[in-house]
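One structure below.
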Amino acid sequence: MRETARQLLREREVGLVIGYAAGSEAYWVTPAFIKEEAQADRLVWNPFCVNSLAKYLINYHHEPYKVAVVVKGCDSRALVRLLQDNQVQREKVVVIGIPCLGVVDAKAAALKIAPGTRILGASVTDGEFLLQTESGTLSLPRGEALCAKCRYCENPTPVLADTLLAEEVAAEPAANIYAEVREVESWPREKRSAFWDGHFQRCLRCYACRNICPACTCRECVFDQTDPCWVAKAHNLSENTAFHLIRAMHVAGRCVDCGECERACPVNIPLRLLNQKVIKDIKELFGVSTPGSRLDEMPALGMFATEDPDEFN
Amino acid sequence: MSLDSQWEPKIVGFCCNWCSYAGADLAGLNRLSYSPTVRIVRVPCSGRVNPAFIIRAFQRGADAVLVSGCHPGDCHYVSGNYHARRRFLVFKRLLEYVGFEGERLQVRWISGSEGAKFAQTVDELDRKIKALGPNKKMRQEPPGFSGVKDHEG
Amino acid sequence: MRLAYYPGCSLETSAREYNHSVQLVGRLMGVEFHEIPDWSCCGASAGHTTSRLLALALAARNLALAEEMGLDVVAPCAACYQRLALARHELAANPSLWERVNGITGRPFNGTIRVKSIVEMLLSAGTEKIKSLVVRPLRGLKVAAYYGCLLVRPRAIQIDDAENPQVMEKILRAAGAEVVDWTHKTECCGASLAVSNEEVAIPIISRILKAALAAGANCIACACPLCHFNLDIRQAKAKRFLANYRPLPVLYLTQLLGLAMGQGERELGLEAHFVETRSILKMVG
Amino acid sequence: MKRIGVFVCWCGTNIGGVVDVPQVAKAASSFPGVVLATDYKYMCSEPGQELIVQAIREHRLTRVVVAACTPRLHENTFRKTLERAGLNPYLLEIANIREQCAWAHQKQPGRATEKAISLVRRAVAKASRLEPLFASTIPVTRKALVIGGGIAGMQAALDIADAGHQVILVEREPTIGGKMAMLDKTFPTLDCSACICTPKMVAVAQHPSITLYTYAEVEKVEGYVGNFEVTIRQKARSVDHTKCTGCGTCWEKCPTRVPSEFEQGLGTRKAIYVSFPQAVPNKPVIDRRHCRYFAAGKCRVCEKVCPTGAIDYQQGDQLIKEKVGAIVMATGYDLFEWEKVYGEYGYGRYPNVITSLQFERLINASGPTGGKILRPSDGKEPQSVVFVKCVGSRDPAKGKEYCSRICCMYTAKHAHQVLEKLPGARVYVFYMDVRTAGKAYEEFYLRTLQDGAHYIRGRVSKIYPEGDRLIVRGVDTLLGRQVEVGADLVVLATAVVPSRGAAELARLVGISCDQNDFYTEAHPKLRPVEANTAGIFLAGACQGPKDIPDTVAQASAAAAKVCALFSREEMAAEPTVAQVNQFLCYGCLECQKVCPYRAIEPVTVSENAAGKKIERTVASVNSGLCQGCGACTVACKPGAINLKGFSNEQVLAEVDALCL
Amino acid sequence: MATLKLDVENPRELLEYVQRESGQPVEKCYQCGKCTAGCTVAFAFDLMPHQIMHMIRLGLREEILRAQSIWLCTTCVICTARCPQNIDVAAVMETLRILARRQKALPTGKARPVALFNRLFLDSIRKHGRLFELATMVLFNLKSGHLFREAETGWFMWRKGKLKLTPTRPRGTEEIERIFARLQEVEGEEDRR
């Protein structure tokens, strides 16, 4: 990765490389914005590189130079969506794709080790996940340590990349990706209602979910507008629910299931469970793929087919 | 029904100007009597109906929402109802998912000649909602907040 | 290629020569046949005209047996092919019916194997393969390829176009024969009525013979023992309806192929036909 | 502060008999912004309107609510009332308390009154959010494009040109005339088709206001009603028509013969050719696919013999741009390709099974047989001719579900012609129904029956050769018997389908097609000659199967519509259209994808961002094209695109008011 | 010919039954007659396929179940393949034949030997698992009263070794018997309903 970045910068191919750099702790990586060849050594790739970097590209939309960005499979879907929404110009981006075996849910991993033990590093293989700590290497089943979104990954290999930094990783045979959604669907209505009320009640309306979302690229979000006032700023269950429903509909057909909203949520609202519901329905109803999987497939709610299912007769 | 018999549901209807609004007019013209609980907002096309409007209705105390447009293939604007169909297939499922009774959002294709269908749809919806009782989900407390904001000056 | 083999009732008795020629030609082409142990009658027309469930159950039992062997099944008899293939199609299209039928047979069929007709089996190796095996090209033969009604109808199981199929012609051409373009190749021969109402069947047979004769054919190729029985044995009775009758030998597709591949008339059972086949042998030399 | 006046109408007893009108007015007077609420017996009457005018002036009203009948009835009436009082007409909102209140709830007057109050509250809420709207005007280029040079296109072009407007007529074949030029006689009058068609062709060519592009296709259409810009591709003719005199030496000497399209394959033409002797223009083109020089690099015979040096092998395609204000689609029809699906009729293998259009050529005095009915296989005169109707029509399994409408009549004509030209010949017509709706049509059919044609009610299941004849096996459902006829010639009345490429052209032009690819009219009853895109009109069989009189009528109707559009230099556009707030728009262009009218285009705006000048793409609505459906407003996440007259703010206010 | 009384009871009952059992939209039939036109056996029919389709709509149950045509149909499926309305006419004929059998309608004329042969054929399968050609033929001749029908054919086949004197018995005959028995149960139950 460093070599690729160095080369791109050296040959003035790009003016900027967006990648990951080590943070203050091993399990903490931060976005890195590398402009000079010499700084390329700061770049890292490890199973803690959970965040999606694609959205940063928007900030460089008007810069004269090209930008290189590091993407995992899920991030590449976000990039595709940004391209489809004309938020990023393809010819101004160099996509460095990383076929990925899954990234780590640091919170979950931390629960597996003694409190206070420092994490030194981690690696993921096909079968297991190895966590290096001060007190030795710990092996965990992948399912227990990986982010929820990595348990069933549709695109371990980026759907779009100019260079791939490793061998392609084949997608697992389609498992029941939406098992959790189906679980919630199967509950009685009252239980569903109470479940979501409970979560929405706690929403702080901090908009972290929106800010991190690669599908949210509006110049001024409806929730920031006062006239018309789509949703009042008041913090109560009604307004919070309205906020989440409108948001879900706004990202319907655009949400690429990157899980960043859920990760960013300070009060742990299961937002992926909400957005996945819409993704699942759209796929089932209209026979489309997960948004962002294909550059030539535009958002499902901007299209129609006369033979779409109809239950409104 | 355990509810106070005085309670009448509040139902907001969105009718497209070309088919369903005309269908509603026809129901009146033919003196078909139907429940007065549905109050109509005229929109040019079912494709104009933003799910956010429906969310707002529920917030403000509507017990149900009816969205009605031309039959698929008959849209005055060629394809508006096809877009509406996609949106509401998804939106209705989402509402049910977060705990709404599915009956509270009805989407129906009613043509300008289907006055009887309009009346029947309204009555059926009225009956269903009376059986369900008032909607509490997402309702603002206290109800009756006036969203009408004066805008001049 | 390994295939489960479903001979069907006729191939055990009245169409033994078809059975032999299929096995001979199949082996030459590298097919390994595994006869389904304990196969039973497919029900033929009596089954489906009596009860839909019965027809499905009789076919499904044999499909299940083949499935237990883990092999796709070939049914040389066109009638058996149609019954088995159609049953498979109908079951797959109707899960609740499928369940009922599995309950009746007590031998669940899961739909994991396919049914092949003899024509598909022969063509699956490609015409080049057939050409490579031909040692005695069928020069001089003008063959009317007769499909009858069972191979090309109904749509769900047809092996080729219903009005002007060409797959048998492809095989025959590969064997060096000339094929005639004729008009009655997919008409029904009336076999299901031949026993019970012969007087109805005979005019039907004569229409087909007439068309083949008019097209200048000197023999008919078929892939169904019922058609064969009708066109061959009943030719004597049908000829009184035909003004310009000359004997028209009726051969199984595999017999013709066998001849082209150098097999002897005895092995192919050519002597077992009612209408003399010697003229054919003379032409091929 | 808005000053709203509420006017509640009694409509005699229509409303007043059920709804407590004074109570509604009283309730309305307390709604926010309402400065006057009053009632009157008949608000739409002259005194009623005068009352509103006076009130507007007296109370300095800035918004008006009328609670009366449906807005579909009197919205325009009251808008004019407002205008009379000097108020912008769009500052009106109507509460429908008749159709959707008084009439529907006659048995519950109390509830009806309650609902009426609620509906008025809604109207007041919306009224307080109304903004004045102004109808914009669009300049109109008074020049029309007609696509297709058959009888429909020619008629439309002539009518528009006769009205004094410029017309551009584009035809993809080397000659105009279309299908009608191929026909022998026309039903039910049996007058010669060429005799009425060729004069039209000449008139088109000579009309000073018509510019004719033959051997040309429309390649691109941009713009909107009144302001289209079209690109026409003039295909290379390889003949310089300014030099060519049409003397005919080249096609006499050309050594290559190919089946003639005009003769439907029954005759031949040369590689350099005019389609038929009366072609317009009567100058040849080289069919490069078949020309020896283009195929093999040798020959050049035509070049050698041409006395004027008009042959130009180097000629390339030319692109021509034209600005027009209206487009007439007149692309006509083709015949259903029966050879691909009707195996039971031989898949086209039997030479004596022909289509009815081939029959037209066969019987045409200028056709390949000089008008003698001779069967293609051996040139013998047929003694028995069988006509089969509904081949591809009324056949969902193999063809089209619809009735092709013209076959019954032309088959009757063909049957008549056979009996007239071949005395003693036998004619059988297999039919399902005989449909003769049209002036003098039934009479014509009955005459054919009297001529001796045998009409057999039933479909044909199989046609096959026996000897040198064809056996037609069908059914006579009236006899309840299977029937067989020996035939020397079988004529199939094949379905009428849109001409090849019609659907692609529709996409290019921006109109829609039905499931059969016929162009969709804006309204099946009331706007049958308009496409759903403003400024585009339909003529002839491209909209659905049609005979000549209907085609000509529709062409003239389309021309009248064009002339109406051209009657002024500018046209007014409805002001209730979408509008983009460019500050909010972030350029995702989802709105563009849902717009059925292609009214939304990206535009680039420059602005200063953090001290830098940047360029940004945003959506922009062409108010000439926008019809105001509002689909775009829902597709727009930030609400940057809004619909005037039905804005987000207004609808939300209405919802709020209804929920009170 | 006798006048048909069209005012039958429950005129839609037969139509609905046939549509349900055959899965075919008989209602879509527009009487073009293409089924009859192509029918292999139409020359021997007493009622034409298109007439039967029409009669189903009219609910003329008696007339249809009395028809020999429904037994003479060879299920060659030409009618189905060429039906412009995509109706599987052969399946409709089959449904009627099954209905006739279940309703114990007595086949007459040419239909009798067809029904007899079908029964003997199935009896043979039930007993032997496979068709025992010789016995079936002999029984058929006995029961139909034409003792020496096809004797010549039989002799020829005997000479060519194409006739077996004993049935080949697969080991699964009990299984076949069970299928028949279960079916009788199931269908008996349906008939009672």
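Order as written gives the chain letters A, B, C, D and E; numbering starts at 1 within each chain.
Here is the rule we use: a residue touches a chain if its C-beta (ideal position, glycine included) is under 8 Å from a C-beta of that chain, and two chains touch if they have at least 3 such contacts.
Bear in mind that the values here come from a model prediction, so they are computed numbers and not experimental data.
Common neighbours of chain A and chain B under the contact rule above are D. Touch-path distance (fewest steps) from chain B to chain E is 2. Counted by C-beta pairs in contact, the busier of D-E and B-D is B-D. Of all chains present, the one whose mean CA position sits nearest the global mean of protein CA atoms is D. Centre to centre, using the average C-alpha position, chain C and chain E are separated by 23 Å. A separation of 63 Å divides the Cα centre of chain B from that of chain C.
The distance from the centre of chain C to the centre of chain D, with each centre set as the mean of the Cα atoms, comes to 53 Å. The multi-chain contact residues of chain D, meaning those touching 2 or more other chains, are 344, 594, 635, 648-649, 652. The multi-chain contact residues of chain B, meaning those touching 2 or more other chains, are 51, 56, 79, 83, 87, 147, 149, 151. Shown for chain C are the residues that touch two or more other chains, namely 162-163.
Applying the touch definition to every pair of chains gives A-B, A-D, B-D, C-D, C-E, D-E. Those residues of chain D that touch chain A in the shared complex are 583-590, 593-594, 609, 612, 614-615, 617, 635, 637-639, 647-649, 652.
Residue ranges on chain E touching chain D, taken from their complex, read 30-34, 36-39, 42-43, 48, 50-51, 78, 82-86.
On the chain A side of its complex with chain D, the touching residues are 62, 85-87, 217-222, 225, 227-230, 250, 298-299, 301-303.
Contact residues of chain E toward chain C in the complex are 21, 40-41, 43-44, 71-72, 74-78, 80-81, 88, 90, 94, 97-98, 101, 110, 113-114, 116-119, 121-122, 125, 129-131, 133, 137, 140, 144, 149-150, 153, 156-157, 160-164, 168, 170-172, 175-176, 178-180, 182-183, 186-187.
On chain D, the positions that touch chain E within their shared complex are 344, 390, 394-399, 432, 457-462, 473-477, 480-483.
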